[in-house]
Amino acid sequence: MVKVGIIGSTGYAGQELVRILLGHKDAEIVWYGSRSYIDKDYSEVYGNMFQIVDAKCMDDNMEELADKADVIFTATPQGLCASLVNEDVLSKCKIVDLSADFRIKDVATYEKWYGIEHKSPEFIEEAVYGLCEINREDIKKARLIANPGCYTTCSILSLYPLVKEKMVDVNTIIVDAKSGTSGAGRGAKVANLFCEVNESFKAYGVASHRHTPEIEEQLGYAYEGNPLLINFTPHLVPMNRGILATSYANLTGKYSYEDIKAVYEKYYKDEYFIRLLNKGVCPETRWVEGSNFVDINFVVDERTNRVVVMGAIDNLVKGAAGQAVQNMNLIMGLDEMEGLKMPPMFP
Amino acid sequence: MVKVGIIGSTGYAGQELVRILLGHKDAEIVWYGSRSYIDKDYSEVYGNMFQIVDAKCMDDNMEELADKADVIFTATPQGLCASLVNEDVLSKCKIVDLSADFRIKDVATYEKWYGIEHKSPEFIEEAVYGLCEINREDIKKARLIANPGCYTTCSILSLYPLVKEKMVDVNTIIVDAKSGTSGAGRGAKVANLFCEVNESFKAYGVASHRHTPEIEEQLGYAYEGNPLLINFTPHLVPMNRGILATSYANLTGKYSYEDIKAVYEKYYKDEYFIRLLNKGVCPETRWVEGSNFVDINFVVDERTNRVVVMGAIDNLVKGAAGQAVQNMNLIMGLDEMEGLKMPPMFP
Amino acid sequence: MVKVGIIGSTGYAGQELVRILLGHKDAEIVWYGSRSYIDKDYSEVYGNMFQIVDAKCMDDNMEELADKADVIFTATPQGLCASLVNEDVLSKCKIVDLSADFRIKDVATYEKWYGIEHKSPEFIEEAVYGLCEINREDIKKARLIANPGCYTTCSILSLYPLVKEKMVDVNTIIVDAKSGTSGAGRGAKVANLFCEVNESFKAYGVASHRHTPEIEEQLGYAYEGNPLLINFTPHLVPMNRGILATSYANLTGKYSYEDIKAVYEKYYKDEYFIRLLNKGVCPETRWVEGSNFVDINFVVDERTNRVVVMGAIDNLVKGAAGQAVQNMNLIMGLDEMEGLKMPPMFP
Amino acid sequence: MVKVGIIGSTGYAGQELVRILLGHKDAEIVWYGSRSYIDKDYSEVYGNMFQIVDAKCMDDNMEELADKADVIFTATPQGLCASLVNEDVLSKCKIVDLSADFRIKDVATYEKWYGIEHKSPEFIEEAVYGLCEINREDIKKARLIANPGCYTTCSILSLYPLVKEKMVDVNTIIVDAKSGTSGAGRGAKVANLFCEVNESFKAYGVASHRHTPEIEEQLGYAYEGNPLLINFTPHLVPMNRGILATSYANLTGKYSYEDIKAVYEKYYKDEYFIRLLNKGVCPETRWVEGSNFVDINFVVDERTNRVVVMGAIDNLVKGAAGQAVQNMNLIMGLDEMEGLKMPPMFP
């Protein structure tokens, strides 16, 4: 039984980790970390867990936790994991960091986009970017996993085969993404009140959202390591869960639907969590809600010779907690899908 | 492995049966019935099941199904189950009927409130009302289960101990209930369009809703078999899932919070799916979403000497498919909770 | 042109006052008070008012405001108006207080339910409860109006004729009310975040909500001044605007639908803002959204000899800002309906 | 007083025409056309209009209507207006057609994208495309107005100055648009049920939506009449009203924020209904809800040398009924803004 500690267990992603791990037959949560609710019953913070989780919230003590847990998840704001991790901790247990601290290899890029100093750059090199379908083998050997961002997971997975196979002009990539409001976190802000979000739609972070360099870096690796620049625009949707990323790119030749489909199948045919939809079916976030699936499809626009790619995920599952558990399964040598095969819940 | 057939598998309750049974280790669905979608892939109707369910929709052939299945669920409009059931079918397999056909013992009452003729009154007597926490032992021996209605499950379970122990004046019971829109079904009606339901709230079926006699009959049994009349008012909430029933009744004496709490514990202390919340905590539908839980709490109003009882369920789970599976587990001798322990999903 | 000052113009009710007054041909806003946003452009706080309102937010200076305005609206938390009002201010201008400070005649009752000390009890007696359809003539002569609460407006207006005419047993009155989330205000609280409210339904303040004594006092006046006690339960609906109050009471005799309809018509037939719906039509909040209407209807339940009354309002209009403007029109001798005849907006 | 007839008054756009015209001091509705509800009270179909509109629904008789009305609005499915209009009708009254019948000058293009035969191509030439801010002078002289589509209004107005001034490479334009569900109409379809739309997000009509050629044609006129091709992708948002269009294009030079702002001001500075937001403020649909405003802003992405333009409208107002009334005002010589200055309603 893998012993799991969660730092930041009372955020939305943290609570989703709890929900998923409760259904995991080889893992057991031994530490519900939450600096904001120390000593409070976890089920007072999340009433869904009443009579299911019988534990109190604990402080963010990674040293102590490293002695108790085999795997630590950090579902915390940027900077916290980097400030707590050290060689001693990593020698005792594995870390899956759900924040951005170890996602970007270039410290300067991280510090510029995030506006904070990186407290442990010495671990960036060894950290593995935990996009399981792409980096599976490296993940299995890692001690420190940088769990991908929600928008980035959706964007990268939906574009990866096209970039890898050079079927699109990488300098024309535009990702127009839309997320449910749980992506904004559980902080008490006027902008996220029900009446402010409900019945409205907006873009935010235009040309400045932090997931931009993360997508660019990973797509760059797919593009033989060459740098590329994209436009990425996130939007806020009045719903709880779900991300849809609609991406556009110029095709590098005259490709048919079948040509492109073949490339997606080349990379994803055997991936359980990636569902390539039937021709003509557009991904919808409701069909992946509560699950670890990524639904992908595309349309070739012969008029403009562009491809329009759509990817849908549940931002809290494949975009956060689900992928984190998938990473845990890989680094601990468990069945990669354990705890993650729940079907999407609808409606 | 229990072989299960579902007649009406493409309604919301039918699809929820599918979702739950996919996580049930001792059951297997062998028949996805849906008269509206015969020969269509089930996953074309419900995209969440893409690459999970590989089956086509079948006609409503109960005779054929009885040869193939150990248990048949009928998640169909009123009247259909009664028109299909017969001794031959019941001799071969068990039936859990999610419609109202066998819930009401008095045929005249059924025919009056439902406005249709009952086609197989001869089976009403043997049918067991499948409210598991109340009728567990009878259910275990039954061939034909009348699975309770969504509103009724919530209303009866939240009032049962008070009526049973005569702590309330049964002639003062008022149930003001509120349901998410999935309770209205998947039929294409203007009244249930997104723009008609969203951003609005209304009562309907005032003093005439069909769940009224069902609640009265069951509470009457709890009241030593004496008849009683209540007011029941359902309301439509702009959300997908969930029922909250707020009930009012005059207390028959001066009872303290502790007095009443003791009575709830007497009946429900060992019931896994019934959660008696801590003092002062109001049930909220979000905390039971996707689960088989019933959350119950109450407030004693000393000013008026009334008790206000609140119960919350997921109408598609404890109010329909979850309870149906709980009934199946009981009649098939399986662990009552198998397939039903998923924690509520939030947000 | 009536000069209007608004203290608390950046709350939801304050902003609704602005929206309504912009369409009022005899009034002009001269003061946008908002302690939280002093010196900030009003249209930065409410983007809908960009290029419509060209003003900065001002401090809560009632003395200064009294010199500039003919009418002051206080759309502020409980206690503020009582702490600012004095004889000098009232000698210069009229006040319409949207808080609860002057609604309850008995100071002890106010202080008990609101938990704060009343700072100017000397003005309670002269304050007129601004329920226009009931107290019209008194309002016309008032200097200080206690604008009714949202739940109370809906509850009182829907029950008033029945109580006045003694057609119901006043000791059996139960009001089960449901409100959109704008009623919770614009404060940054976790409980009011989108993901916490959306897709959920709950009761709150059970047997303890502050609107209870207000309803009781006003219905008591209708009942020849005799005290009465009711049960009042508010619920939170995942929508922006709207209140539906479902009320129950035992009838004092055998009354037909027509008997009761006649009584409603007796009191409300000529009231523009009260719409008595056709038989069988249930009020829905969507049909009053954005308007000053109160939609009322009822059902006689012959089985239990109870009446079920339903009332629907827009909590920000008839439940707050609209009624406040109606009061202003009355005290300033303007057409009572000026600025308030906008039809409900749907969808 | 202008006499107005509405064919299709019970669709969402038709009802919005009613709402707006009720506040128009120079217009009066004389015909509430609705083939589906002939002889039914209009206020039975739309409860918000109870005691406001006292009229029955009429058949689609354009001949008779032409004798009674000065202006006819056709808020009907594609093809109907073209099948009813003739020289006799046009000689008696003006027509504002809210369908697509007269928007596209090339009949073949219309017939290809809409899949129906055009029944009166002889009037296409004279019809004026009613985008008021662009074609104001032509509109004033017209008999037949092709009222623009909702997506197109938003898309064209937000891109027009950039195309007109050749600041963007027109072959790189991508419009990613998102609409509230009222845009899908009031037809009873499973896909538009509350539970199907709520809590989900999807694209539809990818590379095939009918508003594509309309945007291309109008932007082509702005581009000195040269043809251009764009990508246009509509998405469905779980909210009632509102469109946000996020557009991308490569800049043709190194333009600063101020350069581009100057161009927007050149064209829109004096347009009341177009609000150019302050730097850094993203348009949000909530800020235009219920109003005729178009909120526009943009971000220059120096990294990619693209401009990201955002436009927000209320699809039922500026995207349909509001613009139709604006057109009516122009063709009838009334104040262009009459009836249309209502501030946006929030929340």
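In this document, chain identifiers A, B, C and D correspond to the written order of the chains, with residue numbering beginning at 1 in each.
Rule of thumb we're sticking to: a residue touches a chain if its C-beta (ideal position, glycine included) is under 8 Å from a C-beta of that chain, and two chains touch if they have at least 3 such contacts.
The model shown is predicted, which means the values in this text are computed figures rather than measured ones.
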Please identify which chain has its centre, taken as the mean of its CA atoms, farthest from the centre of subunit C. A
A-D or B-D: which has the larger count of contacting C-beta pairs? A-D
Can you compute the centre-to-centre distance for subunit A and subunit D, using the mean CA position of each chain? Integer Å is fine. 38
Per the C-alpha means, the centres of subunit A and subunit B lie apart by a whole-Å value of 37
Whole-Å separation of chain centres (CA-atom averages), subunit B against subunit D: 46
Mind pulling the subunit C residues that touch 2 or more other chains? 12, 182, 195-196, 198-199, 238-241, 284, 286, 289, 347
Which residues of subunit A touch subunit B once you look at their complex with the stated criterion? 12, 15, 19, 22-23, 46-52, 182, 199, 240-241, 275, 277, 281, 284, 286-291, 295, 342-347
Report the residues of subunit C in contact with subunit B in the complex, numbered from low to high. 171-172, 174, 176, 178, 180, 195-196, 198-204, 206-207, 229-231, 233, 235, 237-242, 244, 246, 248, 282-286, 289, 299-301, 303-304, 306, 308, 310, 312, 347
Show which residues of subunit B lie in contact with subunit D when the two form their complex. 12, 181-182, 186, 188-190, 192-199, 238-240
